[in-house]
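Everything on this sheet refers to the single structure shown next.
In order of appearance the chains are A, B and C, and numbering begins at 1 in each one.
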Amino acid sequence: MLQTLQETVSRLSSLDRDVLAIAWLSLRVSLTAVGIGLALGIPLGAFLAVTAFPGRGALVGLFNAFMGLPPVIVGLVLYLVLSRSGPLGSFGLLFTPGAMVAAQAVLATPLVAALTRQVVADAEAHLGEQLRSLGLSAPRRARALIHDTRFSLVTTALASFGRAISEIGAVLVVGGNIDGHTRTMTTAISLETQKGDLSLALALGLVLIGIVIAVNAVAALLRGHAARAYG
Amino acid sequence: MPSLRCEDLVLRLNGATILDGLNAAIPATGITALIGPNGAGKSATLRVIDGLMAPTSGRVRIVSDGPVRRAFVFQRPALVRASAFANVALALVPLKLSRAAREARARDALARVGLGDRAGAPATRLSGGEQQRLALARAWAVEPDLLLADEPTANLDPAATELVEALIAEMAAGGTKVVLVSHNLGQVMRLAADVFVLAKGRAVEHGPTRTLLLSPQMPETRAYLSGELPWTSFAAAS
Amino acid sequence: MDLLRRRFVAHGVLAALGLLVGLAPARAEPASIIVASTTSTEQSGLFKHLLPLFEAKSGITVKVVALGTGQALDAARRGDADVVLVHDRPAEEKFLSEGFATKRQDVMYNDFVLVGPKADPAGAKGDDVSAAFGKIAAAQATFVSRGDRSGTHSAELRTWKEAGVDLPAVKGAWYRDVGQGMGPALNAASALDAYILADRGTWLSFKNRGNLAILVEGDKRLFNPYGVMLVNPAKHPTVKAKEGQVFIDWLISPEGQAAIASYKIGGEQLFFPSAAR
């Protein structure tokens, strides 16, 4: 154990361009997926928070449940959909970064929607009556509440980023872990573990954790700065 | 200016009867106060008038020449985490003004309440009194025909209360019909032309402010006013 | 628009779209093919050695998806691969007979080795793999099986049969079916001090050996041939037949065969070229 740790530290210093490329791909795939998840999930969650319609409760329950969607199931379903024999096979997306983005976006969107709905519903309890009294339409009220909760929504974005970049089940199945094309941090860690190179796997793991911490730190800085500036 | 007729308003929420056949003919001009003990249905009446709550039965008839623009000022100013200016501008969205007109009106309203130099300040960072003035600016900006104010000074210190009262009086003087819910009987005396006393979801008494407060007719009114001891001594002295 | 525009969200979405554009497959991308192959070839490092040589010569990018032989053939059946390079002769014959490929060509072979704890509690060490398997079953010594329909798994099941062991009848707690690739199975064997049938390539590049060592090798029944097939474009029109064939032709060319032979780990050759001349 101790020996593995010592090796890990020495491996960290010799990580090469390949690792940087893998880290960069992981970051791009997950940030893009989270971007899509935010673009879809925030309006969806906010809309669920400000409107009432039959079946809304069921929909909210569904999104809450989908926060725990198993990545490997998402990967498998998307694999069958994106496979050449599948309904979207003609796009040729399987085993590409695009497929990995799609899979992680599927994971991120319900998470964003469910967390946004909760955050916006809390704000709505405080502001909703006033906004309705102003005669604002439901989409406009949703927009105002999104704006009101934007600093809390940063946490939502970080949570979905954490889910996206740390998952392996979906990217492995739809990406194929192709060296130089679809190998991400998690699939690389898994591969090195399989090859029995535990110290390299651990070194990669530390890099991944470093990425997550760095992204969180940047978000915290931006959030703190924005909160000071805009209240 | 609109006159309001609350006709047999009944409001039941979660099994509780909030309004129980409330009838009130609210005159078209000046400031009308709604007073009464907690739970009498004052806030609910304002919300039903504004359309925020649909009555279980009965109706509010608004008599006016044209469409009635409403504004609501709550006890706790509900402000979006954005600049003071943005909060006022948001209220103007439904008016579908040009951008320039909207910004001019928002700046105007902020200046009217004495917040002209705080337009860019985060609304949630303003003091309690400034926040309530901002809420009034938001109401003012839409140039309402009807202002519904639900205990607008309940959380304010005397100086801030005075400013808010002055603003409400100014709006009323400018032609806005005001319906004011207040526990502050001094404030009711200062602002309101007429008063409705509510008890248990009904309006039990209505009259000109001074007459009603100094010689109440109904037992519910007397019971309520006798609970407000500091006021009676103050009123008797003045 | 008013000041309430969602500046942060808008910027985030723009940034995300920018990244997405960066990820979209560029139309001018050089030709590429997908090769479905086995974990043993990928994890042994062979492709990392071969592909740069081929890509430099042909300008065709080869993307290797490493799966078990059974999964690799299934992916090809769905049209998700252009070329398969696997090592399970009966499964390959079936693939051919179903018409998913029209031709199978020998590429190379390596061999399986029986790996086990150095202490060898079952006394399996020797040069007869059938005898060794018989002793392991008799001693009920811990044995790790891939259990994943891979070529190695098939070879293991074949060896039990040849050893006269009725596996379903004698299976017990000693027989650990891990359902994973060669690497994870070796990790499990290392942790459990268990016996395991492994391909030599993965074993040589495997680092977490613990107490394990080769106990049986060189038995010709451990011969492990790899075949390469182009997925039949008549079954899946999206198959890049031209580029796929270029890759196959290179693999079996003297140049490709020499490249295979030149891949060594610690001075030891892993794969032996076997293409028919």
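In this text, contacts are C-beta pairs under 8 Å (C-beta built on N, C-alpha and C of every residue); 3 or more make two chains touch, one makes a residue touch a chain.
A quick note: this is a predicted structure, and the numbers were derived from the prediction, not measured.
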| item | value |
| --- | --- |
| Inter-chain pair with the most contacting C-beta pairs | A-C |
| Nearest-to-centre chain - CA centroid comparison | A |
| Far-end chain from chain B, centres as C-alpha averages | C |
| Centroid distance [mean C-alpha coordinates] between chain C and chain B, Å | 77 |
| Between chain A and chain B, centroid-to-centroid distance (C-alpha), Å | 46 |
| Approximate Å spacing (C-alpha centroids) for the pair chain A, chain C | 31 |
| Set of chain B residues in contact with two or more other chains | 80, 82-83, 90, 93 |
| Junction residues of chain C - those touching two or more other chains | 4 |
| Numbers and ranges of chain A residues touching at least 2 other chains | 144, 147, 150 |
| Of chain C, residues touching chain A in the complex | 4, 6, 8-9, 12-13, 15-17, 19-20, 22-25, 34, 39, 42-43, 47-48, 63-66, 78-80, 180-184, 186-187, 190, 202, 205-209, 236, 238 |
| Footprint of chain B on chain A - complex, ascending | 126-127, 129-137, 140, 144-145, 147-151, 230-231 |
| Chain A - residues contacting chain C, complex | 28-29, 31-32, 34-36, 38-39, 42, 83-86, 89-90, 92, 94-98, 101, 143-144, 146-147, 150, 153-154, 157, 176-179, 181-182, 191, 193-198, 226 |
| In the complex with chain A, residue positions of chain B that touch it | 47, 50, 52, 70-72, 74, 78-83, 90-91, 93-94, 121-125, 138, 142 |
